[in-house]
Structures are given as structure tokens and as C-alpha cells.
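Scrolling down, you'll hit the structures one after another.
In what follows, chain A forms one complex with chain B and a second complex with chain C.
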Partner chain A sequence: MKLPPALARFREILGLALIFAAAVIFSPTGSGGENIFLQPDNLTDILRQQAEIGIIALAMTLVIISGGIDLSVGSLLAFVASLTALLLVKWQPALGPAAHITVALLAALASAFLLGFLNGAVIARLRLQPFIATLATMIGVRGLARWMCDNANIDFGFGGHVSARFADIFSDKLFVIGLWAAAAAFFYVLLEYTVFGRHVRAVGENERTAGYTGLPIRFTKVAVYSLCGLAAGVAGLIHAARSYQGNPNDGSAYELDAIAAVVIGGTALSGGKGSIPGTIIGALIMGVLTNILRLRLIDTNVEFMIKAVIIVAAVWLQSPRKAR
Partner chain B sequence: MKKLSTTMKPKRLLALLAFAATFANAADKLVVFSQCNNAEPYRAAQNARMSERFAKIPGVRLEIMDAQQDNTRQIAQIETAIRRRPALLIVAPNESAPLTRVMGRALAAKIPVICLERDISQPLYTSYVRADNREIGRLAGEYIVELLKRKNGSPAGVVVEICGLKGVEAEINREGGAHDVWKNHPGIQVAAAPVADWLQSRAKDRMTEVLGALPKIDVVYAHNDPMAMGAWLAAKDKGREKEMLFVGVDGLSGPGGGIEKVNEGLLAATFIYPLCVDEAVAIAEKILSGDTANLPKTQTVPSRMVTKGTP
Partner chain C sequence: MPPPSSITCRALTKRFDRTLALDAVDFSVNAGEVHALCGENGAGKSTLARILAGVVTPDSGTISVGGVPAEITTPARARELGIGIVFQELDLFNGLSVAENMALGHPDAERFFVRRRALAAWCRPFLARVGLPELDPASPLGSHGIATAQLVAIARALALNARFLLLDEPTSSLTEEAADRLLALVSELKNTGTGIVYVSHKMREIFRVADRVTVLRDGSLVSTKPARDTSIGETVSLMVGRAIDTSARMTTAPRDAIALRLDNLSTRRVRGVSLSVRRGEIVGVAGLVGSGRSALGKALFGMEPWTDGSATLAGEPYRPRSPADAILSGCAYLPEDRRGQGLFLQTSVRHNASAAILCRLRRGPFVRRWQETKLVRDELARTRAKVPSLAAPVSALSGGNQQKVLLAKWLLTRPALLYLDDPTRGVDIGAKADVYKIIAELSAAGTAILLASSEMPELLRLSHRILVLHEGRPAGLLDAATATQEQIMALATDTARQPAGNSATRQPAASSQS
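Here is the complex of A and B:
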């Protein structure tokens, strides 16, 4: 099948179109015969529900294009959610609510950025494999989050409590979807239109060659992992607001969901090749699929099995060696 | 041509499935039960009883969604269920604070909500059917005082608690109720209280560590039966299962349930935590028939103790 050149770059969009069409066909209908899947409220539900994974996956795309992987994002998300809850619920500074929220979220994001920086520094300086370095961070930060909260979840307050105000902002549908869109625009421009983006690809394609040509390999690596930490932090804020608590046990396997969105989106785990629009499509494919299975009230375990098949099918369809 | 035939087949299948899906029980009233975690025996028993009871109500279709002990998943599942506009939503919330708002959204969408067994932070439900975990905790605490008197001559000794998911109402009160009793008995020393998230496998791991740390244990009070069994298995591995007594909560009947374990002599006692399903279904029938005048806001289902030989 020949696609117009603008679309041919993102063959994944075909996959999304197929899943979307299937969702429209399979959608249950409401009492007035309307298609429930296509209702704006339902479609925006999908975007909001995928925003956490979607934002992490954007930064993960850069990490994977640079030839790395980041397994620590789920733990980082739990850490940021817990830290935010701690700062909003247990800490009572002499500040107004707006200043209190600002300080809390800046502190939480700064810690996430620093932990990402730590990942990058260990990988670039100590030359540990990214899988191992971020595996260690995943384990260590999980422990840090649980230790910090004494194993318990920190629930937000209701009514006029400052944490409730934070949750109102960060669980607002438009705000959350807007954050994802803004992050997508940022990472798209960063990857496609900046020197840094070219360096990311060059490092992932062939690190040695990139080194010979004098590219700042260390800086590039530290930067992509720092950004990935920051993205996990932003997702952590959304997560805390949505789940109305800081839970140090949350976010497990989020790294795998994010990596799944990236690879469904056509980014090669071997590095060098990939795109931000592809990753967005990957996240949407998983989101639409989850939504239609839930609208049809399919068993959660079957949901997992179908997702597994979709991952394999999507990546296989994009593999270059397929003979058509 | 070959290509054509391979692309036709899935299309035909899709159309067939869509056809079947559109007309399956379209006229039935939909009841969605959002279960926080199918993978616990107590909840499997709830699901089975729920399916059995709803199967007898004509014109009603029950669908159970499993959140697999994940707040985020349960919130998303309920959001999506709201779009289906069910005639009734029954929720066994995974945790109180996270599920409060989404249940409020269901109510706001004019969907009646029955909150099953676990409380939420604000009363955003039509009816709440609960069991009294505080009372269960107190009953268990008193019984353990008796066990220690019998074993050591005085209400004193080393107790290990195995805790469920922290922050959940059941955990707070099964623990708190026992401590309400024990605070009057300074000889009772809670030497360890590891968290095992209600799961047998995790309880076995945590108990193995505790056994390494404590040379003598008198009573293990696990906040549910599977965790009591996990602790018993860990003690058995070390040949120490006769050294201590095991007390659990839930008291499920049937194979593998707590009552069977009590009768086999593995657990000293269990405290029946009622499924709450029969009471919830009674309320559901009223709601579905439009008889919403005298619905109880909160209904408490009583507990009782089971020891060996209890009928």
C-alpha cells in the first residue's frame, strides 16, 4: 500500500486508524443509539488516562533514540507523587496556598530532574550500561519513596485543604491534556529542529563515530536522562492529583508501558531511529485499545493478553525486512 | 488476489463480532461491579456470590471489572463504566481517598452507587454496606489476650502482626481494634508488624524475615486468613509452627477458606468478615425496581468468631 509521503513517515498512523475504526464498530451504543466510544467525554477520558504514560514516553523516546533505556521512571513517578503529597499535607509552611503549591511542585520536579541527572551521570561518567544504571535507580528510588513515607500512603485532604486545590488543578482534564500537548510540542521541536536533537540521533546511531566527530556525547546522555527524570516528575504530579494521594508503591511497570508506547510508535530499541509523533500514536493506540476493551467490559486479564498481541503485531508490521 | 483474500477474512470476522456484540442482551439493565482485586479469595467469594445472586434477577446483566489492586486502574475503569450509563454501579474501592472523587462523578451522572465493604473519604454513594472491622479487631484482640493467658499464665507475650495494605479502612481498624484492647495489657509486646498487602506469598516472605529476627513468638495476628496461612507456611519451613498460635480474619467457607484452616488446626481462630453481598443485592433490587424511598445510607453486617468445632 502506497501512502502519501507525509504519512509514510509515520506508518504507525495506519495502526491507530485501524484500532480507532475497530473501536467505533465495537462500541456499545447508549439509550439514544449514540456511539459511546465517539462521545467527546469518552475521547477526552482516553487522552487524560494516557497522559502520564504519554508524557514519560516522550522523554523515553529521546533516551531510546540515544541508544539507552530508562527503567527508573515508574519509581521516580511514585517518588514525586509521594514527595508532593508530603510537602502539601505534612508540611505547613507560613505561605499562602498558591506559594505553598508552587514550592512543593518545584521541589518535587527539581528532585526528579536531579535523580534523572544522576542516572545520566552514572551512565556517561562511570560508563555503566543504561539498563543496569537505571535498574539500580529503579530499586533505590522505590526504597527512598517508601522510606520517606514510612510505607504508608499520604492521602490528600478534602474541602479547602491546599492539597485539594493542587488536585483540582492537576486533575483538570484540559490542563492535563494541555500538559501532554505542550510536552509533545517541546520534545518534537527539540528532537527535529535543534542541534541537540541531531546529537541525540548521532549518539544512538553510532557512538564511536559521534565521538570521532567531536560531538558532546556525555552532555547529550546526561541531558536525555535528566529530561526523562523531569518528565517522570511531571507525570508524578498528575498521578498524585488523579489518585488523590502520594503512594510510594504506585507506578510499577509504568516504565514498560512507556517503552511499549515508544516501540509501537516505531522507535528502534537499538537506537538512532525514532520519532515523537510515532510515540504519541503508540500511546494513543494503547489508550484507545484499553478504552474499547473496558467499554465492552472485557476481563482485565484478557486486556493484558490482547495488548501483548498488539505490541508484537505493531512492531512486526514496522520491521523493515517484511516482504510485501 | 492472494493479498485480497487475507485482508477479507479479518474484516468479515470483525463485522460478525460487531453484529453479535450489538445485539447481545441489549435490553437488559446493566449493573457494573468494580472489584478492587479479583486475586484475593475473599473477593473471589464476593464475585461468585454476586454473580449467583444477580443471575436470579430477570432483565439484569452483571459485569464485573477487576482493578487488580491498582487505584489508577480502578479510577479509569469506573470513568469508562460511567460512559456506559449503567443502571447501577457497585464499587468495592481499592483505597478510600483515591476512589472518592470518581464515585462522586458517577453520582453526579445520576448513576446510583453502592459502596461495598470498604469506606471512602466522603459519603459519595447511595448506600454503603459495611462490616465492622473495628469490632473484628477488638474481638481478635480480646481472644488473643485469652490465648496468652492460657499459654503464659498472664496476658503477656510476644505478638507478631501481619498487616494488609496500609491506609485501607480494614487495615486501620483490624489493627486499631486489637490495639484498643491491648493498650490495657502492657505485657503484650507487638515485636513486629510487617506489611504484606493481604497476600499469602508476601506474608510468607515477611514472616520468614521476622522468624529470623525473633527467637520466640507466642501469637501471630494476621489481618486476613491468607496472610495467616503465609505466616504459618513460613513457620513450618523453619519447624516452628507449633511454637506459636495463628489468628486470622475473613473466615471464608469452602475449600481453602479460613474456616477449613481452623478445622484442620492450622489457625487457632478466624473472625468472619461478612461478604456483604446479600445485603448489597437486596439494596440493588430496590434501586433497580425504582423503590428508592427507604434505602439505608449505611448498613453494618455483623461478624462472629470461628474456632475448631464452631458449627
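Here is the complex of A and C:
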């Protein structure tokens, strides 16, 4: 039995609905008897909290559909957060605050893009396996970030300091959620309606056939890893603003959370198959789960255990009937 | 006779998705008998063999072994019942030694630790039985040829105490001499009481060893006859369902304009091919496996660097550096391995068919879906592909319809030169006829076609001329109207070497050496 695509999509939404319903039921109630989980502030908090992982997971979806994986995103996030902090706090150019922020932001994003490009180049040109190439980047960039900051956190300033202004913008709830939504729209259109999106799926499903079809395999690979680097960079900016510092040790295991969101969303690790809406749902499932467990003051370690079960259950439910 | 040692299947039925792979088939094999199983691709031979091996479970029907009803649910169960199977794609491990391969999964031979010496002693008698007494059990299997591996696979089945042996195309990758030895072994095993199911395409082999011959067609049992009461001719026509007419040639006269001119084209695997193909002309490419049939196509399609030579395509100098380059210049290559090289199996018909022309369908970064739908629909109609919807994955289609989608994909590039590499491989008779019609239509419309095929009747029927390759070199260029299979075979095997030397230029003036 195979479900038609429309119903298959429904299945992922169903998972989110179930978790959401459970969250409503188990939510603590406030002094006025109101459901704390359902408070608008709480719901938008979930979106804000998941935005970093969510944005990375969008690009990770493309990487995984193309048949690859990117383990370096957590390190890249830390690197960008640190670099941004460095440029805002330790660098005093003769520029106005707006120009200073713009330059710092563009420099940080450009370096994230370049590191992603490097991943892609090593994978497409040297033909290293994506796991190994991005593992190397993950280790190397972590080192680079720590070395750059002398192992110390770089704290943002207060008051009218340029770093504080930056943090004001990039930690604004609406701005962050809007950024995620814009990224989601961008990646959705890219994957579903463009020639490039077709190429990504084709390369991921069967690289040999893609070669025999004359598709630009190398360009496609380099492009998905570059985009993934860029997405990790954007997440890094949000991270720096939220934590009010550049911490070169942050972002570890983010790559795993992003991959988890992608696979919960129905994207196959073997490549070729997957969707952006699925990934968004995957990120939201993880977000709602974390939120309700924290509202109930449940131990974070228990949270990990429950997440493990959710990942296995979600992927199992999405596997074709025959494989079960 | 008390429970005769035999396997008897009654009314076996198996359905995969939409296709009925086996339809109420009765089949039996007795001890000391060779029962041949014939049929075209997709007739149900492999499904029946896989049911007996416990790899596939039938939807309905019964199997009894030695008179006792048996459910063969797993390969291990088949082994317990004394059924051994040697698959066409050998399930052996090249990195392990001969002895280790034989011991895998064997309850007597496999312990927690590998005991080399005991293992070697254990497997020697079985190797001797298949005619390999000298083979060193400790040597890695990969260091021996495919023929040895085939025999080791049989020895392995014997070691597992097989009273029944299923051989699936056992000689398909063997030389004639090795095939002879294998057939002798089959007769010998039969005489010592083993029941053998012999699946093969090769009629001569079948009639050399088989006692009974069963023909399947489209999943149904057509006939089971003692081999001495039937003939090769009868079996073939039963397999096909009608007498095949290979005589009717389907060619139209080519035009005068030259589409492709090759001058001494050479790559790593092709040497010195010179040829000119006119618009609307079909040049067959014949040769044994590894003769350069596919390599020539890949060279023309920009997949292999040219080491020497030059070409013009539609009047322009032609030297493709990549497939994308070749497509732009008007060359298309339909690869031999439809599933591995031609199609994206899990992807929709629409996306498969338009994959090679996306660059022509783009507006900015976007795909013009409306135009895509129209082009794909029209082309699928032209190739007579039956598809449930454009959104259906091509894996849901039959082999013939998959091939038609693949043809549509390449025809959409509007090629001036089309290289077809075994275009009817693994498609049923009906689809084959459609593919022939499409090729004839393309030729009539002026497309220059190079048609590589392993089926000589196909080449003789469709081509104007036939280029025969031998070890990457042109061994002859024949006029298809007068050429014979024997002539092609002699050139392909290099047994017809003429003292005159360069045979490529020796051929009739019918060829357009203009």
C-alpha cells in the first residue's frame, strides 16, 4: 500500500498535530487557569528557539537530498558568532554604527559561504565522501574559531555600543521568525520550482544517470554546500545576538539536531527524496517537544531520551510499508 | 515408489504491484533429472526460481518436497529442504578465500573462530566433485576467474547437502570451453541423483542436458514436454508466442547529406574508427561484450577523452568535452543500463523525461512547467509510452514503458545523431516492436542513428550498414541487405581475417565513403 503524495504529507503534519495535542494536554496552567503552552508568547518562543536549527535544517535538506551530509554546520555557527563578535567588539573602524554592523555581518556571512564552498569543492573535486570532508571541516573550523578568540568568549557591550545595537536587531522575535520564514520560502521555491532544484534531486538519486544526462554534477554539489555554509552563517548571527556574545565553543551537536529535523521531516538519508515543508515540520516537532518538557520542568536528560524515541518512531512510520 | 524424491509446485501465483509475475504455474523436478526452464525476460523464470530458493513467497499455490507439503519462507528453510541455488549474479565474496566462501552459513563448517586447516580439508571433496581438485581452498576467490567462481558456487551448494540444484543462467559469463565443463558436471550430478532446474536462454545447452523442458510466457505455463519430444524451433516459438519474422527489413532510404563523419576516432578503448553516417541512415554496431560497442557511444557522447582523430557533426567540427557539450551539439546517447545509467527510478515520469532539456526549459532560474508538460506529453505519445500519470515514478512502469520514457528523454533533445546502446534489452516483445517502429520513424525523419545491439537479427533487420567491432577496432563494415549472421560473427570473433589487411575498407561500395 502506497499513500498518494498528498496523504504522505498529511502523515508528517499528523505527527506534529499529535505532539501539539499532547503538549496542550500536559501543559501546566497559570494562576488564572490559562493554558501556558498555548500562550502566544510561548508559541512564538518555540519558533524563535527553533529558528537557528530550523534555518540550518533547510539547507541541510538540500545537502541530504543531493546525497550528502554536512557535519560542519555547528562549528560554522560558532565561527560566525565569534567572528561577528570580534568584528563588532574588538574592531573599531572609522565607520558609523550602521556601516560597521553591515560590514561585520557581510564579512561573517561571506566567510561562512566560503567555508561551505570549500566543503563542496573538496567533495566535488577531490571526490572525498561528504561525511569525511565535512568532519574535517567541523574539526578544523572549531579550531579556527577558538584560536581566533584565544579560547575566550567575546561579550557584547552595553547601552549604545554597536554590538548591542546588532543584538537588538538580531534577537528581535519577529525579525528572527521572519528570517526563518523567508529562508523557508527561498529554499522551498529553489527546490520545487527551479532547474537547480531538479538537479539537486537528480544528483542525489542517481549520480551515474545524472552524468549520462549531462547534468552539472560538480556545480550542484558545490552550490548545496555553499548554501549550507551560508545558512549556518545566518544561524550564527542569530545565535550571537541571542547569547549576547561570541562563544567559539557553542553550536556543538547542532549538526545532529539539524539532521534529526530533516529526517523526521521525511527526507531520505540515501538521497533523492525529501521536502522543505517536511523539514519545517521536523524542526517544529522537536521544538514543541523541548518546550513542553521544559514547561513541565522535566530533566534535560529525559528530554534527550524522548527525542531519541521520536526520531526512530517518525522515520519508521515514514518508511515504505514493504520495509517494515 | 515410496515418496519419490521430487519437488512439486501446484498453481503457484505471485503478483508484484500491477504485474502478475506467475499465474497458477505447475512445475516439478525429480531426483536424477534436469528440468530446463525457458522463457523471455519477464516470463517468470526468475520468480519461480526465487520462490523455490525461499527469497520470494508466493501469494498462493502449494509446494511439496518429497511428497510432504513445505513452506519455503526463507533461504535457510530452502537449504534445510535440500534446495541449493546458484544465482546468475553470484552471491559470493571476492575478498574471502574459496574455503571461507563455501563455509559461509554452513552449520558444520562455521564456528566462532575460522579454522583454516580444518576448513580446507572439509571443502576439498566438494571442490573435487565439481572438477576443481587442484584449487587451493585458502586462495582468495577474487584471484580466480568467473568460471571458477561459478563452479565454487555449485560446490558450495553441494556442501550444503543440496539434493536439488537451481542453476540460473550458469553459463552466461563463461567461455565456451568452461561452459562445456559445466554442462558435463550438470550431467554428472544428474547421474548421481541430484535434481536440477536449469534456467537458461541458450537453447543448444538446454537440449544438450535437459530431460524435460518447460516454457513460461508472461507468467503463465505454456508447456512442459520431454526434451526428446520437442525441438529448439518449437521451444523458441512457444516462448515468443508466435513465429518471429526476422526477414522483413524495416529501412527507408537515407538522405544524401552526411550527418556524422568520423576520421580515425580513438580513445582508451576504441581505436581508429572511421565512418560516415548520412542523415536518416541507421548504422548497426555489432561486436562481442567488451568489443567497444558501448565505448564508441561514450566517446561520441563526450564521456571519454579522444586520444586521436576528428569528427564533424551536421557539418560542424565535433569534439565533445562532456555529455552536456555533446547534447548541445545535437548528439544523444541512450545508455545500455536503463536502470543504472538511464533513469532516475524513484523520480516521476515528467522529471525523467525532461531531465536532459532543463536548460532549454528555463526562464531565469525557473522551470517552465506548462511548456514542460506539453513537450513531455507529446513525446510520450510519439514513443507510445503508457504511463498512469506524469507524476508516477518510473519504477512503477514495465521495462518496455521505462525504455520508452528513456527514449522520449533523449528524443526531446532533438538529436541530429542518436546512439542507441542495446535499446531493446530486457523489454517484452510488444515494446520491442514499438521501439523498432520508433527507430524507423526517426530514420525516416532524417536522424542519423548508430544502433549497438547484441542481437544480430535486430541489426540485420533495422540497419542500412553494420559496423563490426573487435577489441575496440573496426573489423568490418557490411551492407546489411546482404550480410549474414555468420559473416558478422566471424568478423566479431576475428576468425575471418583477410590477408588483404585493413578490413574496414574492404567492404562493398554500398557504404557511403563519400
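Basically, the second predicted complex is superposed on the first by the 312 of 324 C-alpha atoms of A that agree within 3 Å, B and C clash if a C-alpha of one lies under 4 Å from a C-alpha of the other, contacts with A are read in each partner's own complex, and residues count from 1 in each chain.
Criterion: contacts are C-beta pairs under 8 Å (C-beta built on N, C-alpha and C of every residue); 3 or more make two chains touch, one makes a residue touch a chain.
Predicted model only: the values in this text are computed from it and were never measured.
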item	value
Side-by-side fit of chain B and chain C on chain A, or clash	fit
Partner chain in contact with A:201 - chain B first, chain C second, else both or neither	second
First (chain B), second (chain C), both or neither touched by A:102	neither
Comparing the two partners chain B and chain C, which touches a greater set of residues in chain A	B
Partner chain in contact with A:296 - chain B first, chain C second, else both or neither	first
Contacts of A:151 with chain B and chain C, given as first, second, both or neither	first
First (chain B), second (chain C), both or neither touched by A:49	first
Angle at the Cα centre of chain A, taken between the Cα centres of chain B and chain C once the superposition is applied, in steps of 10 degrees	130
Chain B versus chain C as contact partner of A:129, first or second or both or neither	neither
After superposition on chain A, the shortest CA separation from chain B to chain C (Å)	23
Residues of chain A that lie at the interface with chain B and also at the interface with chain C	none
Contact set on chain A toward chain B in their complex	22, 25-26, 28-31, 36, 39, 41-42, 45, 49, 151-153, 155-156, 158, 171, 239, 242-245, 247, 250, 290-291, 294-297, 299-301
Chain C-facing residues of chain A, complex	5, 190, 193-196, 198-199, 201-202, 205-206, 208-216, 272-273
List of chain B residues in touch with chain A within their complex	14-15, 17-18, 21-22, 32, 38, 63, 65-68, 71-73, 75-77, 79-81, 83-85, 95-98, 100-101, 121-122, 166-167, 195
Residues on chain C engaged by chain A in the complex (per definition of touch)	301, 303, 322-327, 333, 335, 340-347, 351, 355-356, 358-359, 361-362, 365-367, 369, 391, 409
